[in-house]
């Protein structure tokens, strides 16, 4: 079965990202497919490589990246939500005249259409938020 | 609507302005309208406040996105279900809501209201008919 | 003491806790989604009406306007202030508690 | 249909709305702060006990443990599942609604 | 405590783990302890869940920060007020809470409990005595 | 009178930053002083220069920066909260081996002690959050 995963809050402030990660891992372990993980609202903050959480705590951005690498997951950060919140890749940085980017490995920035497409292509859409 | 169309329902339970969910939820609905699916919106709990007439953000310096609801009809988003109980609990009635309409192409482009006040049982049934439910 | 509440009373319990713990005679200022508390005819009316007897209850005008709540819809006794009034209330009271 | 609730019922109204709109026979899974709904002897007990008659009510074990809620404190009839059970519930039901 | 010390109260109304406010609020209290002010903490509404015994985050992969509450006594944060009504409403009693203590240097370093269950009137009075109230 | 301002949520997702901005402006207009504006929890996200909000919307990061410049405000981003969420200046970037920084003009990163100090030195402390 194909799951689509929507993450609407940033890491740490709310448990949503943790729950989404744990659900995604469990689904993969049970042999299900993950159509895509889409990050919306403050969820886009899951995709910054500039975090340095305390060493005795989980590194949520890194956990997403590792999971994506291992299972070839499509981690998509919504471009409109990302612009509001300052998550940019090299292209976005150039486009908006920013002198730095902060997207993390394994994430890509794309449009809201990818969320709708995920809803169409998935058997179940799971929303994790506040 | 295509044959393989899915039924998408956007459930709005949050007031506008205090949080961004209403505004960014609306952006999803507008983009989603291009995908030729069967789309509806439900307004429950504080979500009914999104449709309140007369919003004016001039003094608070936020973006007034309420005019966007008027554009929904042009995007063929024509089914807006409002939970009757949520309205009443908040001291509101249908007169308090924006008048949102669409032109029915199957009925000589007559202008028809998009908002339908529904009771608990109708809403329950509508939700059970969906393929995808997105909560904002 | 000034108490501020920024949550809709239909969504969160902040108003209830504030009213339980605010000393009689306190100032209570409703801001952001908190202004939804003061609509006449809502399920909150009796609670807020009761509160206006023990406290002075204010609502932030710019937040009422943003949400399309006209002043004639307000529960009697609720006063409307702007951001300058918010500053005055904060300055005139000895301390401020934000019921988030 | 699977309904998930991630809010404490003492803080937010999500549980109440879910119970009002969930069709009898639905599965309801409490996660994150939602697991605080299932403590025996709380003010929520009668509401949740009532819900277990119409629905199957689950609570996420890892979230109960994180919060120090032992299984013997749970209202009778509430079932505990792990993340794999969460996945199964999502797969076995036709659709999922997250009451945020 | 210095003469110009201010009375700081940290009011905790949120459950742990679902949001970060409890954890980061505690970090403020620990840093604040170095500033030689008169510090107290209040636990109201879901904040009382922060003090629940037996927290174990192993399976959810979050950081279990509950042991930090035991360190509060060493930082001379010794006044933890718990709202009785909030406890009862949630089906909890004092036995459910961690046993937090401090050594009273004014009383031959006797070990004393830090937690005091208070009723509404006491809490109201305590809040009115503060100079600074921080809500987490 | 001296006000201390604590902002606990990021821009846009919650109204807290807007309310804090409007309050701060009104206090300055009435002749009050602002001891400091301290950004904690997700509030640290007010301090990224990488945002590009829609042109018809307010630019909250820029509004803070302009207000700070005009009134010589001290805008402090909590270092611990910022590390968790990926807000870094040049020093922090170097310290944690990051190849980019994203702090906005007018903001500085410092410790939680600055929040307590703000509480001590201010006549009133205002908390804006969710």
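Quick notes
Should a chain be cited, it is by its letter among A, B, C, D, E and F, assigned in written order, with residues numbered from 1 in that chain.
Everything that follows uses one rule, which is that a residue touches a chain if its C-beta (ideal position, glycine included) is under 8 Å from a C-beta of that chain, and two chains touch if they have at least 3 such contacts.
Computed from a predicted model, the values in this text were never measured in an experiment.
Any chain that touches chain A and also touches chain B is listed here: D, F.
Farthest from chain E in terms of Cα centroid separation is B. Taking the mean of C-alpha positions as each chain's centre, the chain lying farthest from the centre of chain A is C.
One finds 33 Å separating the Cα centroids of chain C and chain D. If each chain is reduced to the centroid of its CA atoms, chain C and chain F end up 26 Å from each other. Centroids built from CA atoms put chain E at 28 Å from chain C.
With centres defined as mean CA coordinates, chain F is found 38 Å away from chain D. Shown for chain A are the residues in touch with two or more other chains, namely 8, 12-13, 15, 22, 41, 54, 57, 80, 125, 127, 129-130.
Across the assembly, chain D contributes 6, 10-11, 13, 32-33, 62, 82, 95-96, 98, 100 as residues in contact with two or more other chains. Residue positions 17-20, 45, 60, 62, 132-133, 135 of chain B each touch two or more of the other chains.
Here the chains touching each other pair up as A-B, A-D, A-E, A-F, B-C, B-D, B-F, C-D, C-E, C-F, D-E, E-F. Against chain D, the residues of chain B that register as touching in their complex are 11, 13, 44-45, 85, 120, 123-125, 127-128, 130-133, 135. On chain B, the positions that touch chain A within their shared complex are 6, 8, 20-21, 24, 27-28, 31-32, 34-35, 37, 132-135. Here chain E touches chain D in the complex through residues 14-19, 45-46, 49, 52-60, 62, 64, 66, 89-92, 96, going by the rule given at the top. Residues 1, 13, 17, 20-23, 95-100 of chain D are the ones touching chain B in the complex. Partner chain C is touched in their complex by these residues of chain F: 1, 3, 8, 15-16, 19, 22-23, 25-27, 29-30, 32, 123-130.
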